[in-house]
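I have placed the structure first, in the form of structure tokens, so that the comments after it can refer back to it.
A, B and C label the chains in the order they appear, each numbered from 1.
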Amino acid sequence: MTHRISEIAAALGAEAFGAVDLEISGVSEPATAGPRDLALAMDPKYADGLSQGKAQAAILWQGADWQALGLKAALFVPRPRYAMSGVTRLLDPGPQIVGIHPTAVIAPSAKIGAGAAIGPFVVIGDNVEIGVNARIASHCSIEEGSTIGDHALLRAGVRIAARVSIGHNFIANHGAIVGADGFSFVTPEKSGVENARESLGNQGDAQAQSWTRIHSLGGVTIGDNVELGANVTIDRGTIRDTRIGNGTKLDNQVHLGHNVQVGDDCLLCGQVGIAGSTVIGNRVVMGGQCGASDNIFIGDDVVAGGSSKLFTNVPAGRVVLGSPAVKMEIQMDMQKALRRLPRMMQQFRELQKTVSNIVQKD
Amino acid sequence: MTHRISEIAAALGAEAFGAVDLEISGVSEPATAGPRDLALAMDPKYADGLSQGKAQAAILWQGADWQALGLKAALFVPRPRYAMSGVTRLLDPGPQIVGIHPTAVIAPSAKIGAGAAIGPFVVIGDNVEIGVNARIASHCSIEEGSTIGDHALLRAGVRIAARVSIGHNFIANHGAIVGADGFSFVTPEKSGVENARESLGNQGDAQAQSWTRIHSLGGVTIGDNVELGANVTIDRGTIRDTRIGNGTKLDNQVHLGHNVQVGDDCLLCGQVGIAGSTVIGNRVVMGGQCGASDNIFIGDDVVAGGSSKLFTNVPAGRVVLGSPAVKMEIQMDMQKALRRLPRMMQQFRELQKTVSNIVQKD
Amino acid sequence: MTHRISEIAAALGAEAFGAVDLEISGVSEPATAGPRDLALAMDPKYADGLSQGKAQAAILWQGADWQALGLKAALFVPRPRYAMSGVTRLLDPGPQIVGIHPTAVIAPSAKIGAGAAIGPFVVIGDNVEIGVNARIASHCSIEEGSTIGDHALLRAGVRIAARVSIGHNFIANHGAIVGADGFSFVTPEKSGVENARESLGNQGDAQAQSWTRIHSLGGVTIGDNVELGANVTIDRGTIRDTRIGNGTKLDNQVHLGHNVQVGDDCLLCGQVGIAGSTVIGNRVVMGGQCGASDNIFIGDDVVAGGSSKLFTNVPAGRVVLGSPAVKMEIQMDMQKALRRLPRMMQQFRELQKTVSNIVQKD
């Protein structure tokens, strides 16, 4: 698969200069580029790399002199990072999933849209409905009554449990699981944990008891353009559905508990965990390993730095950090103060002595 | 599947009033209930919802006037959360796993109890023994020599490695893994890490070395009524077995290292990680993303708030929070003080000046 | 499978005494040992256990009087923990994977080395190359164009995505995933998150936008002697490959983002997460649940205690702890000071009053 520089320019809305008929077959960092690679050199720091590599064409930083850099063709883009999206989409060969493999076990009542490719050892249950152009890799299972929109891509080993509803352009990486049972258990009498949560620390006189399951009768509803990373786990709801809005992306190993609601266009990075019934607004971004307690509200446009732990509601637009998470600037002040605390404690002891001497003298 | 109000009352030990022959086919939140749904309205805050929805029957809060609420039938339960357990169990259709699928690969030496349902592409190894009424969904594998008790439910893609022993009423959600190899490596000579652990920070003069595996000869032993969430991972023991007691529940993505022992009736919430050889008592509850170091002891009835990190032994009955975890009330005092610390540091500088002035005047 | 004491001594480079022709068939803790078990008693604390158990042979602590302990044979080793490696390797029966199962779907263009054992329902894609003596358990998938060296062991359900390159002696536990798509998204215009990262907290006036994928054109390159725990996830690179050096071991549920580079002989313990493009040196050890931000450098021989969160570069050889991670001794001083802070704040208020009284008196 090769592309002319002119085609790439058109796809990116970029300005192209020089030999725009040049064909490229891949992209590369400048220093390691071969003669048919498009070098990605959107920053002046890559100038040296260009002279080490063999690229004849590059995407360059604004103002670069492409001819002086020894290139035959050059592209200029207004927002380099956004251009990465277009150029990588163009050059991604995508996964090799072709036709419907004879080993796939597809229930007769399932409806599979036109153009589907289904890999070996896939299992599709009763009354499942899948839109057009689905690509379902090996070892996936889609359980009874679930629906998936058009243009879905499920990598190997994805599990969609029963009665899950998913929109268009869904992508799930390997091993992602949608619709596991919620983690919801109850004791016959009030438990020590319930007491401790209410009293912030006191378990009271609760007796030893065993846990009984609250079954998850709800499903999971997922909007359009949602992507799930590898080994993501999403629990079904207890009564209503667990929900994810449109355009939201979950990184590897993210966990969403039962009844959780996530809005539109959120990014939840690697290993984020959201406990049951918590509600997350639109365009929320949570860094890797963040956690949110159950039954809290996280407003629109909240940004949480890596490893932040959200124990209480967060108002819309706030940028938070730390555990427990507070406003980022407050957290940084707290951390700075904590760094100085051991030294300040020594100074405090000294000041106590000084004052004590003054008092005794009086 | 429908149920009479009277049947539900009997199952829950609830008091029923009105048209107890009414049949319901599902449960719902009050506001979205259809005419055949049982509305779950155990709190007065749901009164408005009941008038918005179409439920003819509801489980109500103590003291509610069901006739005034326009209902034809009503149920009253002493502990609403516990009633959720009974009513959801009654209405859960369960997963659709029927018969023994012809694609399943079952070793001739395996013993499968009566009433088993085994899905497509399941692999069951030599000398495996499984009790009665097992339901094993697609793509599961159970390796040689493992045993599972009666009434097991394995969702799709569960992996039970070799020589694992599991009790009755076992539930494992999709992708759970029992019996992976322990993470146990050693260098020929003492390593910098060993030195740093002993000295709390100093790696000494250890040489660069490679790691050699300590193989896991032990298995995993799991009691009765244990449930595992999606993508849980449990390592086998080195010499003795890793162990989980009766009635313990693990949420999604929980990780138990080699040789770990967990007692009875514990709850480990999402993404909890327990390092090797740590021992956890009975009825311990750990919130999401908690961690415990290797080789420590966590007593009976310990409760750890979300994201707590347990580095040292925790005595029985303690409620802990934070990283490092300390008694919850102490942690909250520390956090409150830390919030005030930046301002207090300014005041300290001022106080230093004041005292300095006094001293100079003297 | 039995072994003579003399064979074990030769394998371990150990000194053997007594009935070196005695055959043992397993190892055990001293107190539970049977007559054919080799008891592992490398510490004097096990003396009592030996008298409770039935072992006739043991590995003993230096200086132990094996005859007085009632043993028929004894082994002495210079470094007991290292001896565990040799003795467990000798006695590990390994997984039962035999022959090439007829259900495996292997592309005609794939090259499988001599001596391979491939389990049921394995899928191997076009142009895959696998070295000699591979053992690939059930339900694995290896996608097009990937290569794996000699002596590989893939447990059930491992996923190797397309264009991944792996060295010799590779071990992957159940459910490990290599080569998922990177988590890399971009908005058409600058987003609030980009602003917040640059300003450390201020999102500016960014508009609501949706995320567009940056596709992962790079692969994953893994060296020799690498081991992956259960449900590990490793993302492919954007342009260049994500890389892991030789001899590095990843525990269960570790997550490596796109473009990450990990050096040789590292240990990353359970649930560690490394965000995109971060570079980790050689012999780095990170305790369970550690996290590292994207685009940072972690030097050779760094040791990070459990749950440490690395937000910034860490120089070679440093031992760090906490969140944010700082030198271990500094962290411990900070934690000690924080424990004392609430009390010190009370004393500070008192000191303020005392000084205020002095000032007023003057």
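Keep this in mind: contacts are C-beta pairs under 8 Å (C-beta built on N, C-alpha and C of every residue); 3 or more make two chains touch, one makes a residue touch a chain.
Composition by chain, UniProt nomenclature: A, B, C = UDP-3-O-acylglucosamine N-acyltransferase.
Quantities reported herein were computed from a predicted structural model and do not represent experimental measurements.
On superposing C-alpha atoms, the copy chain A sits rotated by 120° relative to chain C, to the nearest 5.
Here chain B and chain C face each other with different sets of residues for the most part; under half of the interface numbers are shared between them. Centroids of chain B and chain C (each the mean of its C-alpha atoms) stand 23 Å apart.
Touching of two or more other chains is recorded for residues 103, 121, 139, 157, 175, 231, 253, 271, 289, 323, 338, 341, 348, 351, 355, 358 of chain B. On the side of chain A, the complex with chain C involves touching residues 26-29, 32, 40, 79, 81-82, 84-85, 88-89, 91-92, 95-96, 101, 103, 119-121, 137-139, 155-157, 171, 173-175, 225, 227, 229-231, 247, 249, 251-253, 264-265, 267, 269-271, 282-283, 285, 287-289, 301, 303, 306-307, 317, 319, 322-323, 327-329, 332, 335, 338-339, 341-342, 345, 348, 351-352, 355, 358-359, 362. Every residue of chain C that touches chain A in the complex is listed here, in rising order: 103, 105, 121, 123, 125-126, 139, 141, 143-144, 157, 159, 161-162, 175, 177, 180-181, 183-190, 192-193, 196, 200-203, 208-217, 231, 233, 235, 238-240, 253, 255, 257, 271, 273, 275, 289, 291, 293, 309, 311, 323-324, 326, 330, 333-334, 336-338, 340-341, 344, 347-348, 351, 354-355, 358, 361.
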